[in-house]
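Encoded as structure tokens, here's the structure I'll be asking about.
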Amino acid sequence: MKGEVFYGKGMQYIKEDNPDLYEALVELNEVVYNGKSLDYKTQKLIAIGIAASKSDELATQKQMKSSIEELDTTKDEIMDVLRVVLLTSGAPAFNQGVRILKSL
Amino acid sequence: MKGEVFYGKGMQYIKEDNPDLYEALVELNEVVYNGKSLDYKTQKLIAIGIAASKSDELATQKQMKSSIEELDTTKDEIMDVLRVVLLTSGAPAFNQGVRILKSL
Amino acid sequence: MKGEVFYGKGMQYIKEDNPDLYEALVELNEVVYNGKSLDYKTQKLIAIGIAASKSDELATQKQMKSSIEELDTTKDEIMDVLRVVLLTSGAPAFNQGVRILKSL
Amino acid sequence: MKGEVFYGKGMQYIKEDNPDLYEALVELNEVVYNGKSLDYKTQKLIAIGIAASKSDELATQKQMKSSIEELDTTKDEIMDVLRVVLLTSGAPAFNQGVRILKSL
Amino acid sequence: MKGEVFYGKGMQYIKEDNPDLYEALVELNEVVYNGKSLDYKTQKLIAIGIAASKSDELATQKQMKSSIEELDTTKDEIMDVLRVVLLTSGAPAFNQGVRILKSL
Amino acid sequence: MKGEVFYGKGMQYIKEDNPDLYEALVELNEVVYNGKSLDYKTQKLIAIGIAASKSDELATQKQMKSSIEELDTTKDEIMDVLRVVLLTSGAPAFNQGVRILKSL
């Protein structure tokens, strides 16, 4: 499955106890990351930007990590995402993003 | 100048009364949108995603509009950005983005 | 369909041009509002609280309106939701919620 | 006192050094959680939804914990709150909520 | 009453139908704006910064307006608040703040 | 340099690998904290208020710490900032701010 952004220990729990919700989420995830025009890698860069702009540490880390591992996204590419975060969301969100990127 | 996101009536006011701030902002804008690896169009798609994920109506509209006019970004491409907004930020932010896209 | 929160002009556009996304969203909406334990009315009150806590004017209005019309939610019940918004999210979010409630 | 949401080490500090503020907060808390129509348990479910929709880890944990301990709220009920969080605020906020719920 | 930030049509409604809540809010407002060390004007500048950093148009406008009218805050002082908004919260929040300031 | 808010390990990384961005950020920082009317200390109090209102733990801690160390800001002054955070952004953001303040 593409974009396993929301995968983790929590999903196992949902799969067992809330299979209807699990299936709807998997379906949504598939559909979201199979758009008409943009490739998966570009969509993941957008997801990194959104997570970082919210200063969401865990989501940012997961998005960066899966982008690098699955899609060979480079640190320079992610840094260019963080440039946009700086302009649109300010220095604290940017700084957290840089710190996470460095730690990977 | 690239990425005139923050351009508008307000900027004229800043230019006249706060020239130091104006110059720093223009400089930052130039630097942000001249990254090492990603092209300007991809960075603008990221900026659209960030604005839409915050339900920031005016910023979303300006980003979508300048992307379409300056960079020939298609509505299908923006729709693929909004798919990521739906998954990461929920249906209300997505719906507002779709409404703005349709109105352009 | 329950919880037509994300219904509106935008959805027609999605249905026609992005049927895969439309179906996934309808499916998710159905699943979300058919939980195991809480009834639909309680879930809608929660949705009102979330929308109001984000100061999301349009979403708050839509959620309040559909709750009142579909589920006979009273203004006193919504006011009790807004009390929680005041404590958890501050006076500006609360005030906007009160203003929207009054206008319905 | 109902809804000791804001209780903790910090409150002791406020009580001693800022008694005026402490009293106003206790008063507000009492009033908020003694609405006209909704019972305390429903209001707490709304508070969980708001905290989780903001990805506020500590507040979400405190709200879930006090709901379960004081009001016998079940994990299934909280999961139904998180369903609304998923639809209105996206997968990262939902996932964090599920993770916190599981850990309790 | 100091800091009538949350005053407006909505408050009349609360006063009549929810007098307990009205009194608690008035009390909180009084206590908040009567701190130990900072004067009222400085606290209002902080309130402007917070409202603008959230891109909350209505709250920003009300805070700026009451600061100028009640406390003789100058537009240059508010512009210095917006400088901090730019650095901490990004260009879109800053631009909206400048636009509102100009319109007053 | 004033307002080393965004200083830390991350900045060293930016300085080496993205010198253009580093310089633009340093320039912006200088300009932001050298306004026309407000002194640096007042601007830092505003920055504390903004960080705390977003429940941004790390940024709040850094802002409080540098204010106390560089500018002899007192804990009572910061507490008066947090009063405004309580009114405008709710009890959870306020509580986190109080906890951070106490820990310094």
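Each chain carries a letter (A, B, C, D, E and F) given by its place in the written order, and its residues are counted from 1.
One rule holds for everything that comes next: a residue touches a chain if its C-beta (ideal position, glycine included) is under 8 Å from a C-beta of that chain, and two chains touch if they have at least 3 such contacts.
The structure presented is a predicted model; accordingly, all values stated were derived computationally and were not measured.
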item	value
Chains contacting each of subunit C and subunit D, listed by label	A, B, E, F
Per Cα centroids, the chain farthest from subunit A	E
Centre-of-Cα separation between subunit E and subunit C, whole angstrom	27
Inter-centroid spacing, subunit B versus subunit A (mean Cα positions, whole Å)	19
Where subunit B and subunit D are represented by their mean Cα positions, the distance between them in whole Å	35
Multi-chain contact residues (two or more partners), subunit D	5, 18, 21, 25, 28-29, 31-32, 36, 51, 54, 59, 79, 83, 86-89, 91-92
Category of the chain touch graph - line, ring, star, complete, other	complete
Sites on subunit E touched by subunit F in the complex	3, 5, 28-29, 31-33, 35-38, 42-43, 45-47, 49-51, 53-54, 59, 74, 76-77, 79-81, 83-89
Touch list for subunit E against partner subunit D, complex	18, 20-21, 23-25, 27-28, 30-32, 34, 36
Touching residues (chain side subunit A, partner subunit E) in the complex	86-93
For the subunit F and subunit A complex, residues of the former touching the latter	5-6, 8-11, 13-14, 17-18, 21, 25, 29, 51, 54, 56, 58-59
Subunit D residues within the subunit A interface of the complex	55, 79, 83, 86, 91-92, 94-96, 98-99, 102
